[in-house]
Amino acid sequence: MIIVMKNGAQPEQVEVVRQHLKRAGMDVHTSVGRERTLLGVIGDVRGISTEAIESLPGVERALRILEPYKLAGRRLKTDPTVVEVGGVKIGGPEVVLMAGPCAVEGLEMLRATATAAREAGISVLRGGAFKPRTSPYSFQGLGREGLEFLARVRAEVGLPVVTEVMAPDQIELVADHADMLQIGARNMQNFNLLQEVGRSRKPVMLKRGMMSSVDEWLQAAEYVLAYGNTQVVLCERGIRTFETHTRNTLDISAIPTVKRLSHLPVIVDPSHGTGRRDLVIPMAMAAVAAGADGVMVEAHPNPEKALSDGAQSLDLAQLRELATQVGLVAEAVGRALHEPPRP
Amino acid sequence: MIIVMKNGAQPEQVEVVRQHLKRAGMDVHTSVGRERTLLGVIGDVRGISTEAIESLPGVERALRILEPYKLAGRRLKTDPTVVEVGGVKIGGPEVVLMAGPCAVEGLEMLRATATAAREAGISVLRGGAFKPRTSPYSFQGLGREGLEFLARVRAEVGLPVVTEVMAPDQIELVADHADMLQIGARNMQNFNLLQEVGRSRKPVMLKRGMMSSVDEWLQAAEYVLAYGNTQVVLCERGIRTFETHTRNTLDISAIPTVKRLSHLPVIVDPSHGTGRRDLVIPMAMAAVAAGADGVMVEAHPNPEKALSDGAQSLDLAQLRELATQVGLVAEAVGRALHEPPRP
Amino acid sequence: MIIVMKNGAQPEQVEVVRQHLKRAGMDVHTSVGRERTLLGVIGDVRGISTEAIESLPGVERALRILEPYKLAGRRLKTDPTVVEVGGVKIGGPEVVLMAGPCAVEGLEMLRATATAAREAGISVLRGGAFKPRTSPYSFQGLGREGLEFLARVRAEVGLPVVTEVMAPDQIELVADHADMLQIGARNMQNFNLLQEVGRSRKPVMLKRGMMSSVDEWLQAAEYVLAYGNTQVVLCERGIRTFETHTRNTLDISAIPTVKRLSHLPVIVDPSHGTGRRDLVIPMAMAAVAAGADGVMVEAHPNPEKALSDGAQSLDLAQLRELATQVGLVAEAVGRALHEPPRP
Amino acid sequence: MIIVMKNGAQPEQVEVVRQHLKRAGMDVHTSVGRERTLLGVIGDVRGISTEAIESLPGVERALRILEPYKLAGRRLKTDPTVVEVGGVKIGGPEVVLMAGPCAVEGLEMLRATATAAREAGISVLRGGAFKPRTSPYSFQGLGREGLEFLARVRAEVGLPVVTEVMAPDQIELVADHADMLQIGARNMQNFNLLQEVGRSRKPVMLKRGMMSSVDEWLQAAEYVLAYGNTQVVLCERGIRTFETHTRNTLDISAIPTVKRLSHLPVIVDPSHGTGRRDLVIPMAMAAVAAGADGVMVEAHPNPEKALSDGAQSLDLAQLRELATQVGLVAEAVGRALHEPPRP
């Protein structure tokens, strides 16, 4: 951290700042220039608020030099993390496809989707049992019954399962039925939930909040890592902008950005990221071209009958098209599609 | 809801849409124009997704006419809701001032702040015991001890207390020590938490998420109302934009907008909304001029020593200045400041 | 400017940076810390790109300490600038109201609006002759004829006139018919236009671009000032965000922010800033409470017949209400409404 | 356009709306429902403001069904437009690469860049002679001399040239020296400039404004088309969001969105879109995977010495890497790189 004192700051003011930092256990290196005094702060400044420093008299600005996360960053761990989910490796050389219905609506539709998905080359089954819904009057998911359907289809079809957990007291139940715990975008800064999945030993998929910066996203991952769970997959799913043709703006540039900052795998959800079925395949291709480790999409045997988010679900023929097109792009970037695990 | 069929949509496609809506219990009124067919949908469409409709073949667009909330809206309840918090009425003719430290750091500082606040004309004491922090390495609040300090100072100084609750399992504890439960901006769409405070009978202060639309905010309030708790105060605290001089952009226009849409009281938090101490008083004045029912600010006896958010905290002299200036604006709009409750 | 070298940067790399800056005429002060080397750059760095510096090998970050404008800032000129427009002083102790139709549609309506506006206490007449329109098929304004109507009504009613200029070759014509040249939001970074109004001696009203930061806005003002025209009034008119209830989000916090950074007067346009007639008066009141030097609104004798932007125009009764309410807030902040100039 | 009357709107109010529309030459089809009356408007409604309609008494909402552009849309012209620039076809089956310095700094550097670019497989030379700069104190380009260098290198190296035009009175000069006129992002809604390049017969590259919606971008293109120039290439270059790791957020989803809405070619500028050299190649690959017809990047023989935007310029080795990687992705999507034109 570097602290720039105001032009004309008094030596006593400099001393107050120095003492403040010393008390916090920092080393301070003072540099007196012709016009201004600079303080270089050495130590673990991640817990120090730049805003608190800037409120001290005589301080012009406090500037953080290092990124505000440690375990999620590349400084301590340079090799990429590979997260294994029921035999599927996310973050390795192969690109992983995940698909399934937005919400689990019943056993039959889930089985049909999973079977077709596996045939199309999809490696992981997704499906919502607990659904975060903007309106209290919308379908909130089948809950425990949905989890049971997921576990049953997982056993029958042989695909590992990822599904969302919305509250700490659901973690144990969800972990019993699924292979990876999804933290939804709206819960990205639900810090109590992050701590509890951090204490779990299940892999976690952490979606980026639609209003969250890359730094905040990596700090949310840091919560999970700091509580002991190293198996974190990041999922970009679109940020909120002024553009209305798409539901969100899928931030493809976040993929190479995060790859440079962090060792964690990054996948993309173009279904929520665009909200439009016709954009899912081109955006999935773009994501893999930019370096994504996987793609998660919504699929439904009859999208027009879906109880939720039908407008963005692929039908089963489109799912095969997705696998074909993404496979070609994966090859162009020197990768291949991950195969579904052997039953 | 109005559904616009595509130019050239087939009668069978229109029929599929009609049947879909009938199954959901709606009445449908068909209007065949020269170029297009329109369907008017009558009934409680709040649970119907426009996106699901738009995924049906032959549909061009589905347009929601009514706002997607009922209990929070002005349609069923036209008179303003007044929420009473420990003898202080929020949403009535008087403007309520709330102040206190971002985080409760100790008993002495809390007592000093509360005493000075009361003398300055502040009616409600705020202070964080459980603190949502972007970094896992930042000070997370004193927790239970902080709540005990709040309850003790409440008894001594005679100001009702509002403090944040971050997880369902904290509600009972927080409700035992405070008069109003705050839902923070990052938890605005933590639907499990909203349901649980909805089941509580304590007043709730619901902060707007920093990238949540007014409609989403009112739907979050609808969760609380739908689960039985009618005592909801809305708090605008800034939305995220591209501007960097302020930490967020305080959306003053949300105040009159919400006043027209909803009967719930609306207050403003200019401390988090700007992140800059020197903007707190002018923005508090602007909020009251635009119709806000109250203002909540951070105050600290020694802002430069605050463990969190010192850059935006007022010192005690500034707190008096706030009360004076906001009082003058309140009078200009035909209101007055609420007095602190009698001990 | 401060330059932070990377951990492990070579002395030769530091030297390259030093030489780069020396060539640009800067003094450089080197500070070698335990982990990093810092360079303090002294001189007029406003023309130096931080991004160019950051592209040099071994550089971690380049940080600008001073604001990137000089003439528009408070450093060289601390007292507020007062811009006089046909006898009306903008930026002085009094709050100035400006009103008129979005587009001049004809002589009669303009005369009726101006007469009623003057009676209501409005001091400046606004009206568009050249209209920037998103669609090439929309009404583009009456052009030269509209200017003639403005000049004629100015003479008859005795109110100074502000109107938009869209291209350099219109400046002379517009200056012959109006008292202040308006640069619209879409042209805030039309640098050729800024230069040319800078060479003019007419007062300029510079609207903030809906996508422009406060720093960019002040740099746009710097263009006008740097080309010799010191008579600049800034006008906040809303920025683009994700919120859709309002057409833009009026950034009230920009008012006190700019007041601290710059000596130039700041006014607000709540008509374009909200796009909704029912929000114009409360937002005008909020702006003045936050320190605005004036308010500009759209008014029309029959808003429902307006050819453009009728949804946000006040009728003449609402114009009187605006003056009354804003007058009360102005008094609460120790100011008063400017009276219309004597004919 | 569909107009929804308020619940309880009077027949006289419906009649006022009907007459308003009839006067504008529209046909109106009235549909009286149980609760509401709907009006379907038939005719060319592109010049009618929904906001003007919504200001009429009794109107709840006016909803535009058709997109607000005609010549730029797919309705009248379904086959893709191919724009030919000095023998290079943009919008055909081949992907076009364009490169060159942000600003032309001298003849030597331009010649070196162009020669290396051509060898790397680049087909079009870009370079700024007139530079829009946020600060009046930044290098503003070489102007006429820069144009002469461009024309000379074009003749020597055999690559067509695209360069920016900032004002109507520069068009003739720029058109004499270049093959395509670039309209910069800040001028996307400089309507006078759009009209004048519309009257020109040179191909136009229209950059998207950094806070302009896709609809506004296509309406800006409509200006050029409506004034007679059908040779328009669209260029996505990033939109402004809250994320700060990248200078802008490159909106890759705008590519397939525009491809569905319009017949015009779409290219991408990942240099300005990210502001970071290390993101240029992955984002170029993503753009082509999503369907872009070309990529324009900044290149410089010595990026660290560039007078402007060095942080995002590729060096000449990176330019070859770009061509290789984008070529592989182009093949994966069934396309190939356009070859530089034969001298």
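By letter and in written order, the chains are A, B, C and D; residue numbering begins at 1 in each of them.
Assume a residue touches a chain if its C-beta (ideal position, glycine included) is under 8 Å from a C-beta of that chain, and two chains touch if they have at least 3 such contacts.
Remember, it's a predicted structure, so these values are computed and weren't measured experimentally.
Path length between chain A and chain C in the touching-chain graph (shortest route): 1. When the C-beta contacts at B-D and at C-D are tallied, the pair with the greater total is C-D. For the touching copies chain A and chain B, the fraction of interface residue numbers used by both exceeds half; the interface is of the same-residue type.
Chain A and chain D have Cα centroids separated by 31 Å. If you average the CA atoms of chain C and of chain D, the two centres end up 27 Å from each other.
Distance between chain centres (mean CA atoms), chain B to chain D: 40 Å.
Residues of chain A in contact with at least two other chains: 211, 240-242, 244. Against chain D, in their complex, chain B makes its touches with residues 2, 4, 29, 31, 33-36, 38, 40, 42, 60-61, 63, 65, 211, 240-242. Residues 16, 44, 46-47, 49, 51-52, 54-57, 68-69, 132-139, 166-169, 186-187, 189-193, 209-212, 216, 219, 222-223, 226-227, 240, 275, 277, 303-313 of chain B are the ones that touch chain A when the two sit in their complex. Residues of chain D that touch chain A in their complex: 211, 213-215, 239, 241-246, 249-257, 260, 273-274, 278-279, 282-283, 285-291, 325, 328-329, 331-333.
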